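Below are two complexes that have subunit A in common, paired first with subunit B and then with subunit C.
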Partner chain A sequence: MGSISPLRTGARRWLRLFPPVTVALFLAPIAAGLMGTVLPSFGYLPGSGSAPLTLTPWRDFFNAPGVESALLATMVTGVGATVLSVLIAVAVSASWHGTRAVSSLRKWLAPLLAAPHAAFAMGFAFLLAPSGWLVRTISPWATGWDRPPDFIFVQDPNGIALLIALVCKEIFFLLLMIWAALGQVKADRLLDIARTLGYRPVSAWCKVVLPLIYPQIRLPVYAVLAYSLSVVDMAIILGPTAPPTLSVLILTWFQDPAPAMRFQGAAGAVFLLMCVFLTIAMWRAAECLGAKATRDWLTSGARRFADTAVRWISGGAMIAILAVTVGALSTLVLWSITNVWRFPDFVPSSFSLEVWQDIWPRLRESIVITSIVAMVSASIAIVVTLGCLENEQWNGKPTGRRSLTLLYLPLVVPQISFLFGLQIMFVMMNMDGTWSAVIWGHLIFVLPYTFLVLSDPYRALDSRYARAASSLGASPLRLFWRIRAPLLLGAITISFSVGFAVSVTQYLATLFPSVGRLPTLTTEAVISVSGGDRRVAAIYGLTQLALPLLVFGAAMMVSIRRARQFAGSK
Partner chain B sequence: MPSIQKTLCLDGVSLTLGLRRLIGPLTLKVGEGEIVTVMGPSGSGKSALLNFICGTLESAFEASGEVVLNGRRLNLLAVEQRRVGILFQNDLLFPHMSVGENLMFGLPANVQGRHERHLRVDQALMEAGLEGFAARNPATLSGGQRARVALMRVLLSEPEALLLDEPFGALDTSLRAQFRSFVFDHARQRGLPTLLVTHDHEDAAASNGQVIDLLQNQSETKA
Partner chain C sequence: MCRFFAILIAVFSLGGITTGYGRTATPDWNDVVSAAEGQTVYWHAWGGDENVNRYVAWVADQVRDQYSITLRHVRVGNISETVTLLVAEKAGGRTQDGRIDLLWLNGENFAALKSADLLYGPFTHQLPYFAYVDILNKPTTLVDFTLPTDGLEAPWGMAQIVFFADTAHVKNLPRSLTDLKTWAEKNPGRFTYPAPPDFTGTTFLKQALMDLVADRAPLYKPVTDVDFERLSAPLWAFLDSLHPTLWRSGKIFPANYPALRQLMNDGSVDVAFSFNPAEVTSAISRRLLPSTVRPFVFSGGTIGNSHFVAIPQTASAKEGALVVANFLLSPIAQARKADPHVWGDPTVLDVQKLDADSAALFQDLAHGDTMPSPEDLRRVIAEPHPSWTERLEEEWQRRYQR
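So, the complex of A and B:
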């Protein structure tokens, strides 16, 4: 390249600041939050003067009633949900590869992913509980029940309802990750080869594609595992209650006014962190063993592997999951406009919008708070992401696998294990309960997603545009505003809407930094479930669902219009 | 019982993409050990023709006509039941398997026993002039070596016909002639009906067989 103008070097220098700023924004709070949890677990609360280190919190934690069964429920639901969703995702991808069913599911994946966990969990409960819509649909004509039957499904002591709901929610994320990985390994060509060599579809996929894409879905699988082991909002709504899962138990201790209980909670949070890391390590070991054990099978020449069974079982499971998802969300709609809905009526006997009116002032407040927090955190995340990607373009090498691992860090560390500590840090900085604290808390989780969504289209952008423009003397800044930003407008709006949706779903990341002062739709939704009025709960759940979907729909329109424009200008 | 001739027959095969007719109707017969060449420039649909025969045609294409191999009608069979081997310009060796494992992947399951399977793989490697390459990573092989491994992998799977989708295109001129005769020799030796598509006249000349030019008047091709 020719001479570099002073402006260019200036802009370059500014860009260099982005990676460290990103680290500060999103790794520092995790590190500080972990410190703020580990120290109290040994009896030292930062900012409260010196205290002798002690093991009392740990002793209290292990002696606390219900810890053992809470741990058991956590492991069963967390590991069970992960194993099941990985199996179903792999089976669906393997046996329905290239079918029309898969391509239409692919189109609907984004809105399914954007549905917030709390809203889904609530709809799931209203659909499948003994007094839920499903039982109402078949009662009393088929079952003879004119009162809700006596079985316990939602909040069952074994956590089966929670496990199934987690599978329904995680499967779409795993499918997205698998399908994204397929494009990078020439999967279609390799599958054609395997099939012309006589392999039936499932064995071809498992022997040829799975080993190639697994490295790319490994981190997402660990994220699912960590999430399922430490989820709080869904576990409050659907999980066992006496005792609840470990993360919910720890949350109740953190919220206890007695200081000793918080120390005990801190010990529990560190213990949960260790459980999650240990489980991930065991999963990794199982991967290695599995790869070793199947090495001979890869080349055994066996060309069929229960193809028909896998196809129909996975197809059936997928249809059931979709039906539950759609059913759960429709139940919310129905309950939100219900006046009276007696068991076992199939639909409400009278409808009304009165409850909407009653709770509107409070609802409006949380809509405003939720929208502001989501918009600001998604905007900051987009700016930071673009800054990092620009810096990569001008100053350095592409982001490697290691930084990708860093990106997944907030998704692999249990939220409860560092958000309590983060709250303590905010208290020390006099920031607790402020907008900045909540937005910062959300940013930790929004940033990885905006980065994951935006980095591929950004890097795929034809660099010849940029080279052409810069050979015409355009500065990096001008290049960005006049060339890259307009070309990427569709991807940027989609990435923004994903960030927005992620922010809307945050429960703990709202609860801890806001100290209850900034109620969002998610915190209100979770509280409303325990309030007992299904109509109120459904309204919060439905609003929580509608907000990200609206933003997502708008983004889709911008992106489609943009794509048409470019296609037309060719 | 009359013995069924080893032949690959196409009967009135035509391919369209959108409103554009790419091929046909094409009727031809490839006999035992015979090599028929279909010539045409890129975009003429010759690769699609092979995909139609082996069952991997993309849904954007519309196809009609019959494909019969050794008396079996292939049209409604799944890809894996057709026993039609195909070789592409890119070797498409599986990157997560060694050279030997790639070959063993092609070997049918009825060749049993670790020893026997390894023996067959070593034999194939010897035939390809790649003795001792079993443990190598395919990425460390030259283009010509990889192409030979890909051919041996197809042959080990015991196909009843062989399709060649410009498999010599990626190789430089000196290697090309060498690999071409390697492929043709093996196909003839096994008596496989072989259909080659290419845009290179040298390939066509070397095949010593019937040549069909998609650019020329199509009535000529109706034998």
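So, the complex of A and C:
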């Protein structure tokens, strides 16, 4: 961008503010939040009389019953889910590259991504529990069961149900990131060359493409790892109960009214944070070892690598995942219109819209609130993301780029380890219970995703368009509106919908900053789960799913129309 | 400097209000009512049950029409989240203009707020309807899990452990702990209880403990290591032999009461229990339990307690909150709440103290075989000292959370 004339320094100066302001706006709350958790873990809580710092909360934490099994369950489910979803995502991308199956999956990726974790988890339980739809389908005629069988799946002590559900949910996010990265490394051309050299598809993909794209999907993989280790909502619904996973155990301590338990919970939250960082570090180490170990294989010249097996296994896994996902979401629809549905009936014995009518006033209120918060926070996130990226273009890449990687911090720091501290900050600023506090709270989680989704397409834009436009005298603003924005419209709308979906799913980040005053679909869904009426829970799960789906649908329409326009104008 | 004085004045006037309301002269209730006019009261209350939500919405309509108060039901999944928010308010240095005006609580949550000095009051003596509370026959209206309420929370309703069984599968209702165990041995996998520290699950432990000890007196005093060792030993022996006969062989437990009810509705278990005496009536009408389910209590009585509303120290609409707390104690509100088709929560009032018209409201309430008999509900065992709760939960987790 050396050709930009100095006349436009005004705009450049403004843009230069984006990275530091962004980082301050988003890191300050996390820093404050972490302080508000780390200090209590040493027995200090502002306002409760300054006790001397102590290690008691840590001792209590390590002596608490169930911590070891909880940690084990957390590690098994978190690491297991990440390894499995990365393997399946890579195998599917490698062995089905360029097929029609992949391109149609790509079209349906957005709605699959939009399904909120809690809603999916509810559907998953309805489908696969011993009293679930699957068993009802084959009972009693095939199994002889006229009462639910007494086997353990869903909330099983080893967390297998949770692990599988996490894989089903995270795989689509990883596929999205892999396919975005493929576009940038011009994978098709590389693969053509490799294949003309006689490499079979899977070997070609793994040897030529994977080493190039892995650095780009590394961060999303870490995000999946951190998420799976600290997930709360899915773990409550599907995870083990006695003891639960570490994050749920910590949450129950935080919810325990006894002050000592809160301190113990704070110590646990800090411990969980360290576990997440340590696991990521170990994953990084494994990456290096893996790279070293496979170096010989990469250059050995071997042309094939279990191609057929990888193809069928990964295809089978993907079909199973899709079937479970679609089945889980369908049970939500069915339960939402159920009046009575007893075991082992295949479908409800009587249907009713009564529950819909009953909760409609509240549902309507929370739809409106959820939409407003999600719209505003996703819009702000898009503006901020574009501002930071524009700055990169005009003021050179090093400016702020490194500090911007800090934006991804909320993806790896477990929510429960900083939301309490954040709440103290909101109280000090007298902001708690306001729309702005909720939107700010959401932005912390929305921005990393909009950035993650938008930055790669933005950076991959052909810079010759911009250069041509500015040599014709276009101002930076005009250049943005007339060249970049139209070219990026598809990516912007998708990024917006991802941000929207992330905002919709926030629970604690809504409940705390709003002091409960802004009921969203997610807070209502969690409360309805505590009430134990599957019909109510299904209705909230369904609307929680429908809202981001609508936005994704609209985004897809925009980007498809856009693509057609460009195709037509060629 | 200006600011310093402003804070000083604020502090003094706040002190004035507290002493004015609390100790010396009780101001005319009419003053409270007129100050409450136009206020918005944010009431934090568990929102997981549609019957409760509908009842709270009715209360909101009533106080709007009668007192021009806007009552907002802030639904929470667990009231301890509100306790967390109040702790955060305190940590953030807030002393007034808080965001929470009223909350529904009891037991541990009350104990935590009381000991952290986060509650406003004492205030109950100001409420005109408090005079009708049955403090003699319902001592739990003044003592919350052995902790004196000291006027910091107003009783709202009564709760008692009530068992229920699906009579399509259970012919003889097990009316004692021993009978229940015998029944479970004959019908493996058909009974379970929520995992402590869930409060319904913990209550089952307390119920079993009460039934297993020879002398209950030590359970009402703070727990000592010696007492705990000695008195809880039979409980663990009992559970060790009970667990293999439970649902999933006692390897996993439902997370809470709604999960337990769900198991019963799916036909996975045949016997369960709840803390709400009208649970069977209301759950059958909402299709959350099969219509063949019937309630029963142990012939030796079951654990009962009260639940309350309290006002945080930092509440912005204290007068409004007082008026709402008073309305909740009114015969009309209590009778509606006691109606099994509305909620079915037994009243805290002494119906005999009421005038004939008010008392009649309670006589018209539905009974029938989906409600426990009034005699059953008279055999109440009081909650043990809260220190026992903590130890029982801890020990249970140590033994069975492997």
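The working rule: the second predicted complex is superposed on the first by the 465 of 570 C-alpha atoms of A that agree within 3 Å, B and C clash if a C-alpha of one lies under 4 Å from a C-alpha of the other, contacts with A are read in each partner's own complex, and residues count from 1 in each chain.
As a convention for this text, a contact is a pair of C-beta atoms (placed from the backbone, for glycine too) under 8 Å apart; a residue touches a chain by one contact, two chains touch by 3 or more.
Only a predicted model underlies this, so the values are computations on that prediction, with no experimental measurement involved.
Contact with neither subunit B nor subunit C is seen for A:T56 once the two complexes are overlaid on the shared chain.
In the overlay built on the shared chain, the residue A:I527 is in contact with subunit C alone; subunit B does not reach it. By the touch criterion stated above, A:N339 is placed in contact with subunit C alone, subunit B being left untouched. Shared-chain residue A:P65: touches subunit C; no touch with subunit B. Set against each other, subunit B and subunit C touch different numbers of residues in subunit A, with C touching more.
When the two structures are aligned on the shared chain, A:R195 is found in touch with subunit B, with no touch to subunit C. Using the contact criterion defined above for the overlaid structures, shared-chain residue A:S559 touches neither subunit B nor subunit C, since it reaches no partner.
In the superposition on chain A, A:S300 contacts subunit B only, with no contact to subunit C. By the touch rule above, subunit C contacts subunit A in their complex via residues 42, 44, 46-50, 53, 72, 74-78, 80-85, 87-94, 97, 99-100, 108-109, 111-113, 115-116, 189, 195, 197, 247-249, 251-259, 261-263, 265-268, 286-288, 290, 390, 394, 397-398, 400-402.
Partner subunit C is touched in their complex by these residues of subunit A: 36, 45-48, 64-66, 69, 130-131, 147-148, 150, 152, 155-157, 236, 240-243, 252, 254-259, 262, 339-340, 342-343, 358-359, 362, 420, 423-428, 430, 432-433, 511-512, 515-517, 519, 523-524, 526-534, 536. Residues of subunit A that touch subunit B in their complex: 186, 189-190, 192-201, 204, 207-208, 211-212, 298-303. If you check the complex, the residues on subunit B that touch subunit A are 54-56, 78-86, 88, 90, 92, 94-97, 101, 104-111, 117, 153-154, 157, 159.
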